[in-house]
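Shared between the two complexes below is subunit A, which pairs with subunit B and subunit C, respectively.
== the complex of A and B ==
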């Protein structure tokens, strides 16, 4: 049952990606034509695709790195502060987590609005536009992505740290280890399974980021400079009704994510960790 | 996750692929051969902002129709404009629950015909006496490959809105040519730095195209089935240069204006943040509701020569019959009533929709002076997008906004951006004809 639910959509995706399949074919205006790997050939010959793929990989890597750093740092912080501030931080994080992506993006965009946004006013930036430059627009989206995804990392890692026996940490502290040293040599190795899960989760999540880019850069930014793979696939598949080409992008994304996950698991296994 | 598990699922996938190796699904959307003379007809119209007056007019048309054709019932549904694409696609995919008559945007005509959704009504349209005074651009917007696929419902056209109070203070006059438009815009901005001179948008295709058309350029050359992009012709490049040169700190800073859409520019004007803007007759209500009420006027967007009018894009909507209808005769009759002269005249009074019949339009302009500049723009000649299914693809993959934004943001020269846009357009034309 589970297998069928998982496999059938993937099978359909793969099948459609081999056909010339646009709205005309869906609604029966023209027969579906088998193109073999024609859609993939078109895709790989398109310079835009490679540019978008590169941007997606770099952007996702930056997002994963920042999310993990912020999430882990705050998780450690949570274990060191008193109950009231801890509760406040927890609530703030859960609020960010619970905010729907569209709402979060819109609010974030408003904060940085050139005309009405408080950020420009506080920092005295005049009417500086954050979404105009390619990197500043990506940075803005990155901040939003980190903001809405660090709580998951923080809560999970915090739960992991609480499960670490207190004596171990105490022993390390008595030996004179710094905070950084404790994290590096004691906590991180003990939390490895948890960190693995949140990393893979974040990779998959950030690689597939759609809403934030779509809302905050108005569907891909000035001249498409902020396109990521998922928004690009949406443009090709649904906006332009080229479902065959869109499916091909979907298959490429699926394979990439599968490869990343497998390589990551393989690396871990080589280090002698069984999950 | 175990490796063996993914291997097993891969094996299952392959088995499935072999077992059911066949084409993905298509629905059969062949024309229905039934022509029932009674029963229920379903109609989809667009839900407008403030839809009530439209509904009243449509209700009276429906009442008259049901009176003539006993034993029929008409169910009208108002669908949101934003999600129309999904709704119409779904209707094409599932003929059993599709409506008989639909309203659709005129840039979608060729795409819908290509998808196999619209009924060819050439015979009925030419036999329809009222069709004789349909204006030629409106007729072109329902025509694909010489066949007619619906009746024009209303036209939308853009002109130049300007602030009468600002112009009076600064001693400026409405521009009479595109060159004068640029100098006037800079003069406004220089005297009033809190205003954009002319609000322009990098994503405002239909506000930019008049500049291209005024210089003698065009989107594409050729006829249906054999279009070739012309956006990189010398004339078109001149127009692109004229439009993109307005994105400077002396008029509308690129950092803010490159990302703006048509709605954004109209909103800026309505909020009193621009000296001029290119807006449609359909933007009238939004501007009236804004801060600038009573402080603006409209003139046709000037062309290259002094006192000329730049060709505007003839937007608007049509009424069509779906191929899958089981009430062909009735549905065509309902289409003619909904898009007829009487209805269009009533809809103009109720909603301000500009009629597609030249005689009805002239009379409408006499009743309501506001539309005069728009009627003049229409009379001066309008342009339309290529009647090709490729157009919806070009439109939705943002080919033209990307081109304008590349130039505005300094990423590419006019020649390079126009060349790239032309290549993308030609690829789309090659796909769809």
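== the complex of A and C ==
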């Protein structure tokens, strides 16, 4: 079944990306025309593609960085506090984690709504529209993405820190290691497998962000200013009926993610970690 | 740690908890606010006259109850099927040595990188050719397929953590292979199964894209995320309705999370220990 529903579509994706595949071919009116790498040539010649690609990479990197920083900081914080505040933070995080992407997006939009949202009132921003400007719209989506994805990092890293035997930390403290030193030389190496997992997962998830962008910027923002690759591919395929071009974008995304992950795994292996 | 520092850390934690929980609070609050208060340009963080009008609007809209059931059916089938398959597959890749084992493992990792959104295009054609468009099956099958690689990858750690000696002891005591699998291994990896089920449940419950692409004409098969967006029109959103629908959609996930919360934390810890 895995083969049928994963490998076959990927194969199809690659295949469609080589054809001129539009509405006429879908309804069977015209046969699909083989174009070789024509779709890719169109894509790479298109300035918009490069703009979207750059935006995607920067946006995903910002999301991954912020999510990991917030998640790890809060995980360390969790180990330093008593049970009641810990439970409060844990429950709040689980709540954010549990919130469906569509709901999270609409709620955040409402919070930052220029007319009725509380955020603009509290900060006295008048009727400043967050989704109008390119960067403020990206910032808004970034906040939502970090909000709903830091809990996974926090809970996982926290569970990992708890699994480090207390004697190890005591021994380090007895040897006169500072807090920072303990983190860098004892905890970080022991947590590396966990950090690897959460980093790879975050990269994969944030690079493919779809629902948040689609809902919050209403399908890619004004004149497509907030498009990321995933939404771009979807728009090309289903809105403009250029299925071949959309598939080509999908293939490019897949290859990029593959490259990032392989480099990461290679680095890990060089450090002597096993998969 | 010294006292003032600990108080500071606890203060930070509580403040963060408040900030993180605020969007959810605001969502529930706005769902109960009367329309006049939502449309006021001086939003207040409380309401003195809570009303169910927004919920009534939501449930009166088309067949919201039916969408709710549809979503439950999809998420439920995905969780059960993917948990069972992932358990068996994870056992296979950890307990048996066979050719292409490593290749298979790498493939599970690679499969997670495939942008699901891009695969919507070929899947759309696949579903059309099998006549599955506009059915719940068109949502269930792809979700099982896409949640499996991650589930297997996570469960592997749990199966690995069960000592092989236990397996040998069970066989020496005359247990059959299937008896070991279901009565010994299964309970031991249950926390891991719970943790992975959370992920498959969420991805199926939240799905917006497949529903948007595969359920084109038959609205009786629609799921919650689609129904939610009925209220959200970019120019003139019905915020009360959106917030009430969002609340209805979030509550089941929250309940599910609270139920599995403790197992989840121990589960995630175990998955990555190996």
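Definition applied: the second predicted complex is superposed on the first by the 261 of 275 C-alpha atoms of A that agree within 3 Å, B and C clash if a C-alpha of one lies under 4 Å from a C-alpha of the other, contacts with A are read in each partner's own complex, and residues count from 1 in each chain.
Convention: contacts are C-beta pairs under 8 Å (C-beta built on N, C-alpha and C of every residue); 3 or more make two chains touch, one makes a residue touch a chain.
Because the structure is a prediction, the values reported are computed rather than measured.
With the two structures laid over each other on chain A, which partner does A:16 touch: subunit B (first), subunit C (second), both, or neither?
both
Taking the superposition as given, does A:261 touch the first partner, subunit B, the second, subunit C, both, or neither?
Once the two structures are laid over each other on A, A:261 reaches both partners.
Between subunit B (first) and subunit C (second), which, if any, makes contact with A:113: first, second, both or neither?
Only subunit C; A:113 stays clear of subunit B.
Considering only touches as defined above, state whether A:189 meets subunit B (first), subunit C (second), both or neither.
neither
Identify the partner contact of A:89: answer first if only subunit B is touched, second if only subunit C is, both if each is, neither if none is.
A:89: touches subunit C, not subunit B.
If we overlay the two complexes on their shared chain A, which of subunit B and subunit C does A:98 touch? Say first, second, both or neither.
second
Please indicate which partner A:223 is in contact with in the superposed arrangement: first for subunit B, second for subunit C, both, or neither.
The first partner, subunit B, only.
I want to verify the contact counts: of subunit B and subunit C, which reaches more residues of subunit A?
Of subunit B and subunit C, C contacts more residues of subunit A.
Let me check the overlay on chain A: which residues of subunit A are in contact with subunit B and also with subunit C?
6, 8, 10, 12, 16, 26, 218, 258, 261
Along subunit A, where are the residues that touch subunit B in the complex?
Residues in contact with subunit B: 3, 6-8, 10-12, 14-16, 19, 21, 23-32, 34, 114, 127-129, 131-132, 218-225, 235-236, 239-242, 258, 261-262, 265.
In the complex, go through subunit A and note every residue touching subunit C.
1-2, 4-6, 8-10, 12-13, 16, 26, 74, 77-78, 80-82, 85-86, 88-89, 91-104, 106-108, 110-111, 113, 115-118, 121, 147, 155-156, 158-160, 162-163, 193-194, 197, 204, 208, 210-211, 214-215, 218, 229-231, 233-234, 237-238, 243, 246-247, 249-251, 253-254, 257-258, 261, 275
Please name which positions on subunit B make contact with subunit A in the complex.
So the residues of subunit B in touch with subunit A come to 1, 3, 6, 9, 12-13, 16-17, 23-30, 89, 92-93, 111, 114-117, 202-203, 254-256, 258-259, 389, 392-393, 396-398, 401-403, 405-406, 408-409, 411.
For a test of understanding, state which residues of subunit C touch subunit A in their complex under the given definition.
1, 6, 9-10, 12-14, 16-18, 20-21, 23-24, 26-27, 30, 38-43, 45, 85, 102, 105-106, 109-123, 125-126, 141-142, 144-146, 148-149, 202, 205-206, 208-209, 213, 225, 228-229, 232, 234, 239, 242-243, 246, 249-250, 253-254, 256-258, 261, 264-266, 268-269, 272-274
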